[in-house]
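The same chain A turns up in both complexes below, where it pairs with chain B and then with chain C.
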Partner chain A sequence: MDVALALKGLQFKIKGVPQSTLNKDITDRPDELFQTLGIAAKWSVNATKDSILFDPCLRKLVNESCGTFLSGQKLSQSLGSGGDHAPDLLKLSRRYRSIIRVCRNNLYEIIESSQQDLGKLNSYYFANVLDKIELIWHLCEILYVDVVPGDIVLPQLLEWIRFHFPEGERKAATILETGADRVEAGFETAGSEKDPEYWKTVIGVLLQGRIDVTRALLVLHSDAKTTPFQHADVCLRTMPLYNIYGGTSVTVFNAQWTRWQADVRSKIEEGVFESNLDLELIMKIIAGDVTVMDTIRNHCNVWYQLMTATLFFSEPTVKSFDLSYHADHAMRAFGSNNDIQDLDKLILLLLESNLLEVIQELQKTADNGWFAVHLTNLLYLCGRLNIFDSNKVNVAHQLHEHVLLDYGTMLMSHHSLWQVGVSYLDHCPPHGLERLEILLPAIPLTSEARAFKIMQMAHERRLDSVVTTICKVMASKSLRQDRLGNALAWALRSTDANLTNHLADRFLEGFADKGEFEATDLLDNLGSCMLVSDRLTFLGKYCEFHQLYKSNNLKAAASLIVSLLSSHLPPKNFQLILLTQCIPLLECRELIFSANDTDILLSCLETLETELLTQVDSCSVSKSLDAATKEKIQLIRFSLARNLSRAIIIEGSDIPNTNSRMVNVS
Partner chain B sequence: MFEAKSINAEHKDLIHDVAYDYYGQRMATCSSDQSVKVWDQDEQKNWILSANWKAHSGSVWKVTWAHPEFGQVLATCSFDRTAAIWEEIIGETPPQGERGLKTWIRRTNLVDSRTSVTDVKFGPKSLGLQLATCSTDGVIRIYEAPDVMNLSQWTLQHEIQCKQQCSCLTWSHSFSRLHPPMIAVGSDDNNPANGSKVAIYEYSGIRWTKTESLASIGINEPVHDIAFAPNLGRSYHLLAIATKDVRIVTLGSPPEGSSQRFDVQLTAQQEDNLSGTVWRVSWNILGTILASSGDDGCVRLWKANYMNSWKCIAVLRGDGTQAKSDTSTSSMPTMGQIAAPNQSSTTRYYKLGTITNPNQVPKY
Partner chain C sequence: MDDRIQGTFISEKISKVRWKPESGFESYHFVTGSWDNEDLNRVTLWSCPGEGIDEKDDPCMVCEKPITGDVTELKFVQNDQFLVSTSSSSVELIKIVGVGDAASTVLKPIVSWDKLHPFKTGELGACTGFATFLTDVATIGENGSIVSLNLEKRQPIRIIESADSCSLRCVLYLRHSEILTGNLRGQMKKWDLRVADDKPHMTFMLSGDQVSLSATCIAQHPTQQHTLLVGGEDGSITVWDLRQTSYAVPLAAHSGLVSEMIFHADRPEHLFSTSSSGEAWHWDTSSVSRSVRPNQNTPWTGFDPLQNENPWLNTDAVKHRLNVVSLMPTLHKGINSVDVNKDKAVVGCDNEAVYIITDVLNSRM
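Let's look at the complex of A and B:
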């Protein structure tokens, strides 16, 4: 949605909307601000701001460009299968640019509405960086993505200049508008030359290659009907414009061009335009006259504007590989300030097709490598990234992966953008996955929700060790806060036997102290999870016993407790508690334990008593158990004996063989 | 880019070590004043003192965090010939204690050494809960907690005689199952005649044996710190050594038919001697950036580019200003001509790992 809007915005801009007050405000600012805030200011003005990328207003840039990056990766999978992908790649490039545009426009909105000077300055700084980024991106797009047949790049370069220096066209639009109004109002001529900016505007649009606009402006001159103006209009109208799809070959075009320019030159020499100096200047410009070089330079803000302007009137069919020569030339001709700014350097490097250095320069910009990574990725997809090491091996792949890894890792260190970082690391196998394995568990687990999110991401990537680690950390955290139920839930997810054993013990301890369980809903619904560890199995079964007991299903409860006691699951210190809990069942009016069951319980009691006694002996403190334990054992024994006798009577003739053992009921 | 925050630690003597926890949100410091302090980062990124206790009866040399899955656990070692394990307890804060402070209790005291214990490090968590210590009499001790839920029980598993006084040790944290557990030990013995000051020990499943001494690259000066880079699926190990300068050594698999255990290569060595003696080296969590601190009071960050050549990417002064990073003079030997960006915009120094804070650089 935003992207589509922005593309519309792009066209809108080209058509020359009246300049907004906002932009005017900015262009009025002193040049030194530009210098301090431009891309040359790699590290921000005030030391507290480290990077523009983590600013809230640029979140959109990060998130949306990630989406574009991902669709680029999808596209890359189909790249190998053949077919023409150039339009798709161009679309991709345009999407990135429109994202930059949207962000930039948002920033200008913020500047407009913001009250604070500091906030304004920051936003202004960000917007400025984005402007420069887009300028460079656009140039890259022309030179490397949207490659035209025949490699005639000038028409696109002119468009690039027009797009980024729209002031001339805007001014032209206002002049045309007022002129048209005057003609409509019935004046004989528009008389637009009374506008002090008139000639400046005419030359401005001419240097940007807008012949049609130049002609339209000339028509508004009071003398438009006079011969020199008529001649000039003919010259401009007949100017051959190269069109790749026009069907003329470059040689034919060049011949036409030379003939036309000779024609114009002869007209100048004849003195056709002498009556109007400004008009003569314009004609000299289109004739490619070197004497007017200085004038052209004065009409250009930057050297690359000068380059395209001079090329347009001297070598319109220039090939891209010749550009570096012309760039150098234009820079020297422009040469007002000797210190080359980073932006100039980047453009020069691009024209020289020195992509490696371009990427290195870009990594220094204040956007945390956002530009470097996305541009590298795009150029890599286009197959335009060919970088050779000293052994003539193409290392573009390594470079591409390196910048992706750096950018992804950088995002992973941010508290809320880490998920975006994951998407980038996903696309640099195998190192990306290895990094994720380290970086995912290192994200601070500030909330359960985040822990789940990280787990899910790790799970999708089959990083089981990460899942386990996170569960264990969460369990350990809950345990420290004494939230046993929560800790158990996490421990179950980690399926760590040791940890669940420990937690089950803690639950049983708690039960022994308070007589009730914490987190019963979890314990009652353990299901197959209880098989993670022995102790947990016991805990689960024991809870099941309590449920049965509560629901008055005494028979089932009894058989469960017998099977528990006869197994080796219960911890030693818990056996007595289990046996004590048999008492109410034993004392029921109805017979619940069979003679056989009773016998098992009894033997359990015997073993337990011997064990307890030997334990006491080994400590050699006293020869007997403490009174409470002793009393408990006696009570259990008594109940067991009574139950056994009842059972034997009820079970009738079927006398169990345990009868042979005497029961001591003293 | 890099901003220095000064923390008034209020230790009454030299601070010897500072350690970040796994997430970089907590920090522990230890000092010659025999105490250990723990600092927590609040939402405004300020470091707030959360605990302070007298840990030993001598200078505390090193402090280190265990993996958070074992809880909030610290290990310390000291001149008093012991090493100790500490655990933070929640909810048992004595009411008379200082407001807001958390309680750390000593879970165990490891008293096997007869001389000063110079370093203590937890092993990789894939080995369970293991701890290695080394001491000036040249003994490495490996302890293990058989039940990770019970930190008061540690058993001494191995004692390795190194024959040289040990100053520092490091575990190799490898993610590959093919790599056996490995420890590198450094010695600060001043006599160069005693040979190489670094030794590498590997665990065969039964015992620890010395498998490499790095004699081929001749590290005969005292070694003050040593650190294996976390290994993310690399086939070789990276070892950073702090001696009179910073060195990075790779331990790769040897060529076929060689009797050597490793193919040892000195990958990078600081060319200049601007930093003076280097006291600490520390890797970020990925093993991609190395931080070193030296006598000149600066922390240097080293990073490899995609061609695997290491360069100094930043020099941080204690006062937070970024020293002129003239890559031309303070560079490591480069293999390719291509430089990494001379300022890494990817790091916020407290985020990515345990990089020694410039304010706590130990100066002896």
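Let's look at the complex of A and C:
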């Protein structure tokens, strides 16, 4: 076996796996420290308000995975149209895993550079959770996303174990490296067995299915050239390895396998390896000898490692539906502690294909459903989520929606991540939109910039009621801040007649008090907006009157005020003010109001007076108007009368029509 | 995504992003300002991997400074000094000290002007932006006031209390002492800061029919200063010629609020615009400008250079020749800011990421 080649393969594999050994001092005693600090070291804690997702480092995970989630949704639209989407879905799954991995690596970097013990511990805790998430995600990917033809899962499972327990391979790499150096330096043999970890490492990589590395390590043994070692190498070299795309059928392979194992067993019985006990042990392992079970167990950290190791030497073509049996078996064989950790439970559930319980368990994890929502979504996209209720109806869709709703709502409650939450709620029809309609207006409108963002989101989703609500809230907020102009600007956007009526009244009140308008820059430029409500139309027109009056366009001002008074627009309490404002126009040197106009004004005055009198009658004891009003009415009437006489004379002398002739006659 | 785009997640939503100017040389530092954080927002200085280093490396954080309130505008006034305005009604001048050595670089506050835009009730309103002209600064606020500052003076020079009855959303110096503001309803006002009375000397509406849509940002053509581009809430970009006050036709551009527009400082024929609908666009008018640029070697072609040299004022005629390309694929969250330096663009987004895009000019020629 070529040592260099094996080494190269290993280094390639190890690259990208960060050296967690650097933080050994923390990793060795986390539980103890967590306990003293009162932090639950269990990876499943009750979801608290302060989700770990809101940690700055994990926010990257939230945001980046949201992008992946959305590209998944885009993909789902094309799923119905046929074609093979398996590679795309696998890519999606890998992208999620790489996001987790990057985030986890960032956390380890923080742990290394951080000075504070508490910050370090938190980061360590988060990294620990992410490690477990990735372990499970990877297993899901193997079992449900990246399904191989023939359902021969063991090669992938071994890959999974190798990826998450890289210590064996890492140690093998160092041994191979020093060995190769010694050979290069001219030593006759590498003598690697002097390394106290040598045999442990050999067995470790063997149990992870790295036959090539095992052989490379054996070559570095001082006795590598002796007969037992030569025999062992032959055995290992001839070991049949199942390759899905190799063209061998499972039956043929199994026959080859049995023959090869029988061959190895007979060699052991012949005592070929007796001279070296360690070597004999290795041969017993590959022969599937049950007597070495205990040894195998001692070399495994966890039960699923034991499961894959024993399967590799007893049933290499195991199908995924048999896994739950083997898992159970391995768990019992691994034994030692009876209490099953959450992680073990999840793996067991996955191997049993009990996805509903997996998702239920995941929702309890410390990441506030991040994992549950993305995994559920992926499985849903893959069409692997088939969960039946008591009536045998597939409720996968409901489950998917429920998980999305939960996660989206949780994010919406966050001060800054609410925008991400919206993306998830977008993809759970029909309840998502309903929920958005409730949640969007509930976001505090701290600034106009924020209001614009929320409005835009509502607008894009055609949630017009939300847009209106936000405008109204902004209007009343402006009003509270004593900014009538801004309040009106927002009220106009809401196109709410009551609100604009109210604001227009406030403007008019202000005018009645001070004799001038606030926010003329806005009122003079209302344009078609003034049609939102009657009162606003009046306000707009009334401002126009003032503009005309100021610019000395008296004729136009007069006709505007006449049309205003003859319409139903002016509020009752404003009619007198309007009529009073006619006085200067009536008293102009030049005649401005025609006889007809004056008639209209006069009748307005009469109606107003009667109304005022009846009003006074009904609610007060005194039977007459107050002096000021009385005087005003008197004054207006006087002006009107004078104007009428002037008008009749001028109109009569200028225009020879029947009306004027009648005046002349009289 | 394509090779030229490098995204980095920075764990906070970014409202502004600016390259640190290097007197016309290529810049390797940029500053981001964040918004919508629960307690404190931040301005952060980042360094980009320069030449010789693997281009694929993420930008690294050099140093940061907490800011109260959302960052609403950020602009450099010198190579190592920038101004930042906040939603908590203040403007602060910050100096980057010791940029040579990353470990000892700090963002040092120099001057801070607080409580610039209070409402009548005493409550503080957001400072929504500012414009600069040499050492002069004009800030605008949600309370509708304009405050004129000078970098060398601690007290405001002038305050136009009720410049606008609505919130002011954008501002620009047209020339020294003359500014243009845009408000919540798209009403634009021109102010001469030397004139004592608090009245604008010109007012016009962004859209002709007075439908109230907010003006969101203004950009002035770097060389032809009478050309103004105003971005609107509906995603439209309106081009104004200040020499004529006639009504301009808005260009239907983005599908959401135009968050920022910026002309390339050295190559004014390139414009960059971003929107809250997740678009970042590069408008290349060089093909239009070049075809009509009077050339000494070629005979007079009959074009009237004054009429045609500026494609922005003649968009109807050159519409089919305006080259608009996306800087990056449309994002699922809003893009709030863009800045260009030489051949690199940086954009800041609501998905808590900054994207650095290289080769923005060359590859598209």
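Miscellaneous remarks
Methods note: the second predicted complex is superposed on the first by the 474 of 666 C-alpha atoms of A that agree within 3 Å, B and C clash if a C-alpha of one lies under 4 Å from a C-alpha of the other, contacts with A are read in each partner's own complex, and residues count from 1 in each chain.
As a working rule, contacts are C-beta pairs under 8 Å (C-beta built on N, C-alpha and C of every residue); 3 or more make two chains touch, one makes a residue touch a chain.
From a predicted model like this one, the values you see are computed outputs, not experimental measurements.
In the superposed model, A:480 makes contact with both chain B and chain C.
Of the two partner chains placed around the shared chain by superposition, neither chain B nor chain C is touched by A:345. With both structures placed on the common chain, the touch criterion links A:363 to chain B but leaves chain C unconnected. In the superposed model, A:398 lies in contact with chain B only, and not with chain C. In the superposition on chain A, A:438 makes contact with chain B only, not with chain C.
Legend: residue contacts after superposition of the two complexes on their common chain; A:70 is shown touching chain C, with no touch to chain B. After overlaying the two complexes on the shared chain, residue contacts for A:413 are found with chain B alone; chain C is out of touch. Within the superposed three-chain model, A:460 lies in touch with chain C and out of touch with chain B [touch as defined at top]. By the touch criterion defined above, A:265 reaches neither chain B nor chain C. In the three-chain superposition model, chain A touches both chain B and chain C at residues 480-482. Chain C contributes residues 9-13, 15, 35-38, 70, 72, 87, 119-121, 123, 125-126, 128, 142-144, 164-167, 169, 184-185, 187, 189, 203, 205, 209-212, 214, 233, 256-257, 276-277, 332-334, 350-353 to its touches with chain A in the complex. On the chain A side of its complex with chain B, the touching residues are 42-43, 47-48, 50-51, 356, 360, 363-364, 366, 368-369, 389-390, 395, 398-399, 401-402, 406-407, 409-410, 413, 430-431, 434-435, 437-439, 442-444, 469, 472-473, 475-477, 479-482, 498-499, 502. Chain contact summary for the complex, chain B toward chain A: residues 1, 3, 22-25, 67-72, 88, 90-91, 125, 147-149, 175, 230, 232-233, 285-286, 288, 305-307, 336-339, 341-343, 345-348, 351-352. Put simply, chain A touches chain C in their complex at residues 56-57, 59-60, 63-64, 66-67, 70, 415-416, 419-420, 423, 446-450, 452-453, 456, 460, 480-486, 489-490, 492-493, 518-522, 525-529.
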